[in-house]
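There are two complexes below, and they share subunit A, which is joined by subunit B in the first and by subunit C in the second.
Moving on to the complex of A and B:
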């Protein structure tokens, strides 16, 4: 009895706790993209079957089981269809789980949707923001608790994003769901999101982080192996932020990045990583394929075909992941392979082979048909001898005998493929003509809806009349140029727009063709080589500690100055060979100095070095010849050198540099040291004080270092003894 | 007034979404739901038992379909149906006796009709008197029935048989029997634990597998009786419920050792007895238990260690394991076995034929054939596997074995 009481109180506690603040969710029943065209011209994305169950049911079932009590479904594209579907489903009659719909006709983005919801004033507190194409089985208790606690401590923590670790392929920089590789910077202690980039430029092979991030945060984790689940726990402020910033359209591209970059009011976004649970969003055909297969392999348990998590038909799991509905007519000779789902009332003919596929309800599949890795929806008629590879076939399609669908084909609703016709790979076939203008990614599915319906009715008429060739002739006349889909075929093949032609294989359900894979592999190898040369390959996920940052910033100063010297030399040589004016050379050297963050002394040294090198390159047979040519060069570029020798420090630097040159790079100069030094003095480039100071500095040095001091001893002596004389001379000259 | 249909739908959806799991919890919820169905369904004035049976059967059908792997749901539905039949049967006896008594007096036509109605039902149930009932219940029940009938007689004579009162009384009887059933489900582990002293002796080493409340109570009861013994707990991958059990046992002061599932065979020679809890007991004496149980049973057989199953009677299923209606297993999420994150690159379907390179299968249950089971310890005593069919005959009516099929009227 005790145990029963305990159980009973535990059960009753939970609803009580939730009843105080009813947990709400906003479900966006529109993806605001056109990735599922042409299918979405007929039916909204959320009602497309995913393993024979409309997608929205996965989302709703999960929300219900996660303890959400009120779901606001925002419908935009094909809103009537969504509302009708929900009204006829069991979701409206569920106790403790209310579903309400908001309809809109002019929202073109998630931002618009959230602004409208804010206007309606239906959200009272924290809510779950999710789109209607998300499959998950995670528990929300933990993340909600974290979010609430964080919010209590810091009222600026307005959003918690759910992320999941999932390695993206190094070869094509794309996750298994067909989305681009995602880069995130997260504070490992607070889990605050600091940087979010889903459209990184791979050509550079690098991402740029704001330096301020490194200053403000003691440590940062960089990740490129995380997957954004597109499940967010938001506070009410998120809605008002959308209203305040009316240009926010996309949840991630505008809102999250906006918060991170613009630092509006100091609002913060946090992340929550889930480990054992599943969460993923269907973004494109590739993720449709991946997630279907995950469902069949039961990663989404309990949302799997043989569990009736909503009013779907009874399906039984058999060996090797084969799911079959109760009433199937299947020929004895038909082979149904592993990881295949067969829907209710489907008939399968002799010697037909089906593997890794999903077949909907009420389909008729003829004899000798081969179906591999395909998604066949309801009431499809496939005649004898057809071959389907990795394609999507929508409701009511007829594929006449002998037709072949090559990998990546998408057949929209009610298309008819003629006999023996081979549909080329990656083509999309629809009853509607392709819209002439290419829509941007942000374009709404709804936009083409009205014209679509008109077309549909006319099309339906022609189909009704249909008698094979007659129809296609009619189509030819009515609709201008149409693509022939074989004898008796009805529909248009959509041309792939140029820009995305190369990218088509990325988002298709077909496996990546071997040549593309090899190509991508080659590219990555090259990239890797390039990166290893730079010595800066990023590990998939790593923590940047402050120490490592500093070492990165302050690279070896020696290397830097060598580079600088080389640059200056190159500039100087160019000036010599191309007769560039000295002023311009000065300008260029100055800009180099700024970009390398150097002092004037460095410039002086570098220019002197280049001068000497130039002199050395002039052919010479004896030291005296070299001396003469050096003097010529110095005389010629006197003005340039002079402009950098304004200060005594710079002059000393030049002398030291000269010493260095004589000792290391050009020993030919060593006997000429004092002569050239005198020449420099003579030309007013180096002043007496500098030479004397150099001499003083050298007094305490080793004997080896004093070689040149000794060599120029006489000269220095003369300088020390005859300052007046010198002045006198000058006076005389004047 | 609670909406029965709503309650039914709630439990159905809970079962469907796997929100309620475990035989004890599902059994209790099912019994409680059926109690409210019985107390609130509207019954016709005539032929009440049959109407009640139909109502319970309808609800039962839905519940079983919601999660066929939870065999306890079906068991409880059948038990409740059996209770109704038994009450009906005893009523029939009352009526027969009442008829006999009243035959001498005035010839009331209602009684006659009643007799006709009930005699048919009585015949069907009377022809199979259960052994259990014959042995245990008959002496005292006869007396209670006798007093009841005498009251009936007086009522009959004074009020000339009020149909309403009779129906209420019948319903009350059924409900109290269902209450007893719920009580049994809740206390069965205590009843079983009482038998622990007889089976666990000093200095024995017990091996158990996975986590079972019944096993825990059983072992603790022996500990409370000052028996000192050691327990090996096999962890029960992939859910590792054994870890929890080990913790609980250690907290209660038992000497506990945790071993991996794969170490069972290595350790079995040091073990004196294997005691396990199960998911369901089938009609042939075979059991369905957590995955890995068969391995333990085979190891125990190899070393001639007694393999003892502790189970409440609500887990007793009248079906045979070869019955196509019995799903022997459920495939659970692969994430219990390995982490999706680590292997996500193997789940990539883009390369090659599009078929996944890595498959993970995670069955939840194991079937242990009856010849490997040495003894069942239930709340009504210890039985050997070959006796199970007899217990089933006591608890279930053969008409109810197949719930889906409507009885030929």
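Moving on to the complex of A and C:
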């Protein structure tokens, strides 16, 4: 195909080739998560304002500045809104920078998106894969060069991930962007990624690295101090891999981990660490807060409010990181503190204090309002005497006089907060009712996504929202819940589902409360305690060290054999009830043996066990009846048992199994041990040698273990004394 | 008081049979015609560590070692020889001599270490960090009878042996993880809490724990007292200390504890001040301190496990296998010849003046011929050590081998890659390749052996 042809030409006319293929980027304008709900029910995440500019503009402006020539924007949720926005923006008319869109209504993950893009056949070579919520100012030249050179040397090097140093807090185990801590193992020389764990399992106190990793590399560096920027340089193979592995959904959890685990194809992922540049992705409300602050503090230069890039209005930088648009109506007594951005046409009343906040355009802020660490979008009306702490307030919200927003509150579009109402911390308020389906489970989240957002996007997302059936239904009830938000308030407070309640503070824009911090600290202490306690139970030297899965190691094989026994028993019972031929049973048991990686002795034991269990289930009133029914069963299934008892070891296994049954699972058999043993001998299932060997083995055993040897003493005696006679008998029979 | 040094000389190591015997414990095995223990003792002497306790497993072995030491080092070193029961392990040995230990820090050296890494450097690193334990690491040796010097990459197919898996902090001063023994072959499990505290960890498979440790005495004794199942320093004590370094269970009693408490008080009283102090300080604090700070220092107790990584140019080997025995003998007269303490002839070999060579007999470079040994005509010796008073016939070829004292070799023998212990008699035309011949054994004429261990049956 195209890729192949290119591969052939690349070798010969390299410089020409590089010049000809335009650098492409895939921009996913959907994060395929629900972290920004309820805001994203109205508007796609990429269009949410970040310091008064829609997020996607940061991404596009960066791509343009980094020399990307062609961007393919993949739109899914609210795709119409995204496409409309882009069509009306300057991006479409930009020379040397083409933006095209691909629309999909049924993609529920990044994997689906990439599969669709592959089908469209629009990508010609290496490409940059990012999502539309990335803010960066890094240069791609170096990393692209590295990627290309690596690819030339090793065709399996198909992806380069950008990482950045960022120490996550050891106490709450998350980065300042609110993402979970990330553990990576990287080859220090080649920078190859060897291990990636982002969804940290808090219960596990240890990382388990495959020993095979160290065979090829004498040293590995293990990192907890890196942040994944979610900017990937990919080769064309990445797309086809997504198509080949239709179950890959998440870029990291499935794709990257899949590549790391898969040693057949040998595809490799590499990392590129950036040092002085900025790159981060808005994953949740906390990263929204952190990245906004970074922008205000100019880490993302040139993408800062006072430099005109796409979609922002003229803003002037004043002292102490204060940005003000040109036409602001501000009372003399209003105090605007440091690191604050005020948008165009906003009016601010008397004695109002604003600090560390972003206020959008066209807002009206009354008197004696205090705003601290909050993000207020466009056309918000805040009446007198309100107090806002670390909140996000979307477009068109009205906050009536005296209302208080406690830290972590999110007010979605056009919500009205009633007078004097105190919105409790971490509440999310929306005009929409909370979807009833709420699953914290990852897989279901995707499903939920498709039924919720995508449906919304296809219906409610059309030009006029009220046309959408779903929306109008929801809006019908609008007047109902006013009491929830105080007098005159409109909207629903979303209840926080149980599971995530405790975790709410982690991703909120509010600073982490001290009590949570103390609690988390306590937890880490406990973790450590657990660990060392684990560690202190040391076995004598030379044995394997205990670690948290020490017990697992022990149990695993046993579990396995229990399952195996159960499977064999089920197979056998099916044979009994459905009259399946013995040959078929043997065939099935053999296949079970292979799939559980067992020996023939295990099969013999398992089958014998099932036989005895069957015999036990036949109703009986006295031991002799049980004995008779057991003998019947054995006689009936003689052939099956016989086929697994060819070897002396297997026969001994059966005797031992029998002992075990008598001692543990079915004590009823214990008085019958010698009788049944004799029967087995009589039916030629167990040979004399096996019994004698078993007896020999038991000679040195504890008295407790010898119960059954003693019981069968006579029989064994007889076997030992009259072997010739026995042979003679057999001869006669023959 | 300064460092007290404990040399663990072992007993008759089982994995060195047939080289060791009742008469020759491991510590007295000859390396270039000197007992291996002498390398450690003289090395310590050079660092001015002259107050030594030599611990030997088994009463008989202790007497042998004691006699040799008192003969060789009578007025140079102050050595106490202590006998401990066999199979008590290294931890057990220290437990047994605990009452002798009085210094603030203890240095524990394995008696089979042949190295030129200055122990003083390890001691300095230990003191500098106020660590509870400092371990010396060296690059894992490339074993095998290959040309010496090939370890530097000439021969890439040969992988260095795997001895330990070691986790280090980015400055390579602290030991964060160590896998020893059977754990080396398992998957690597790293405690997240340590990784969180340090941020970045380097995992190395090419380093070896050289079994030279500096311990804080109070901690060592406490661990030995409390964990009575601990058998080995290397397999139990060191991994335990490393594992629990952020949640120390050991009481740092005495002076160190006072310091520790002092630190904590400062932390809790004025966290801000310390933080700003740290920010102002150009040198970043160790992760231990940060970890303590992060958790307010109220209950958290940490201790430090440090490492001293020997330079690649230094020699460091342990005589703990037959292969290592051959390798060390070869190296000490070869590339690491400065260790031997002998002066080499212009032909780069050592032939004792009293040794007699027959006609057309050649002794190549990197060879050693001991006092009073005689060689017949047309012999050739390459890369081998021949002990004292050996009688070697004519037409004998010796290559890559070690021949101890009083060995008689008949005419026409060929010996390659083998170890011949004392008082062995090889009759005519014996052909040995990669063999070990135990003391006093007689190899009959014309035998042809490959990769065998020949020894007298033990009674």
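In this text, the second predicted complex is superposed on the first by the 458 of 734 C-alpha atoms of A that agree within 3 Å, B and C clash if a C-alpha of one lies under 4 Å from a C-alpha of the other, contacts with A are read in each partner's own complex, and residues count from 1 in each chain.
One rule holds in what follows: a residue touches a chain if its C-beta (ideal position, glycine included) is under 8 Å from a C-beta of that chain, and two chains touch if they have at least 3 such contacts.
All values derive from a computational prediction rather than experimental measurement.
Visitor: Once chain A of both complexes is superposed, is A:167 in touch with subunit B (first), subunit C (second), both, or neither?
Guide: A:167 sits against subunit B and subunit C alike.
Visitor: Once the structures are superposed on A, label A:183 by its partner contacts, choosing first (subunit B), second (subunit C), both or neither.
Guide: second
Visitor: Looking at the overlay, does A:329 come into contact with subunit B only (first), subunit C only (second), both, or neither?
Guide: It touches nothing on subunit B or subunit C.
Visitor: Contacts for A:261 in the overlay, against subunit B (first) and subunit C (second): which applies, first, second, both or neither?
Guide: A:261 sits against neither subunit B nor subunit C.
Visitor: Quick check on the superposed pair: does A:218 touch subunit B, subunit C, both, or neither? Answer first, second, both or neither.
Guide: Only subunit C; A:218 stays clear of subunit B.
Visitor: A:372 contacts which: subunit B (first), subunit C (second), both, neither?
Guide: In the superposition, A:372 touches subunit B alone.
Visitor: Using the touch definition from the top, say if A:510 reaches subunit B (first), subunit C (second), both or neither.
Guide: In the superposition, A:510 contacts subunit B only.
Visitor: Where on subunit A do the contacts from subunit B and from subunit C line up?
Guide: In the superposed arrangement, which is not itself an observed complex, subunit A uses residues 167, 169 for both subunit B and subunit C.
Visitor: What residues on subunit B touch subunit A, complex-wise?
Guide: 6, 9-10, 13, 16-19, 25, 28, 65-66, 183, 186-187, 213, 331-336, 339-341, 344-345, 347-356, 359-360, 362
Visitor: Sort out for me which residues of subunit A touch subunit C in the complex.
Guide: Answer in residue numbers: 167-171, 173, 181, 183, 185, 188, 200, 204-211, 213-214, 217-225, 521, 524-525, 527-529, 531-532, 535-536, 538-545, 547-549.
Visitor: Quick one: in the complex, what on subunit A touches subunit B?
Guide: By the definition above, subunit A touches subunit B via 1, 3-4, 7, 61, 64-65, 94-95, 137, 164-167, 169, 176, 275-278, 286, 289-290, 293-294, 297-302, 307-309, 314, 317, 321, 339, 355-356, 372-373, 390, 509-512, 517.
Visitor: For subunit C, which residues count as touching subunit A in their complex?
Guide: Result: residues 89, 91, 160, 162, 165, 167, 179, 181-183, 185-193, 195-206, 227, 229-232, 235-236, 239-240, 243-244, 246-247, 249, 291, 294-296, 299-300 of subunit C touch subunit A.
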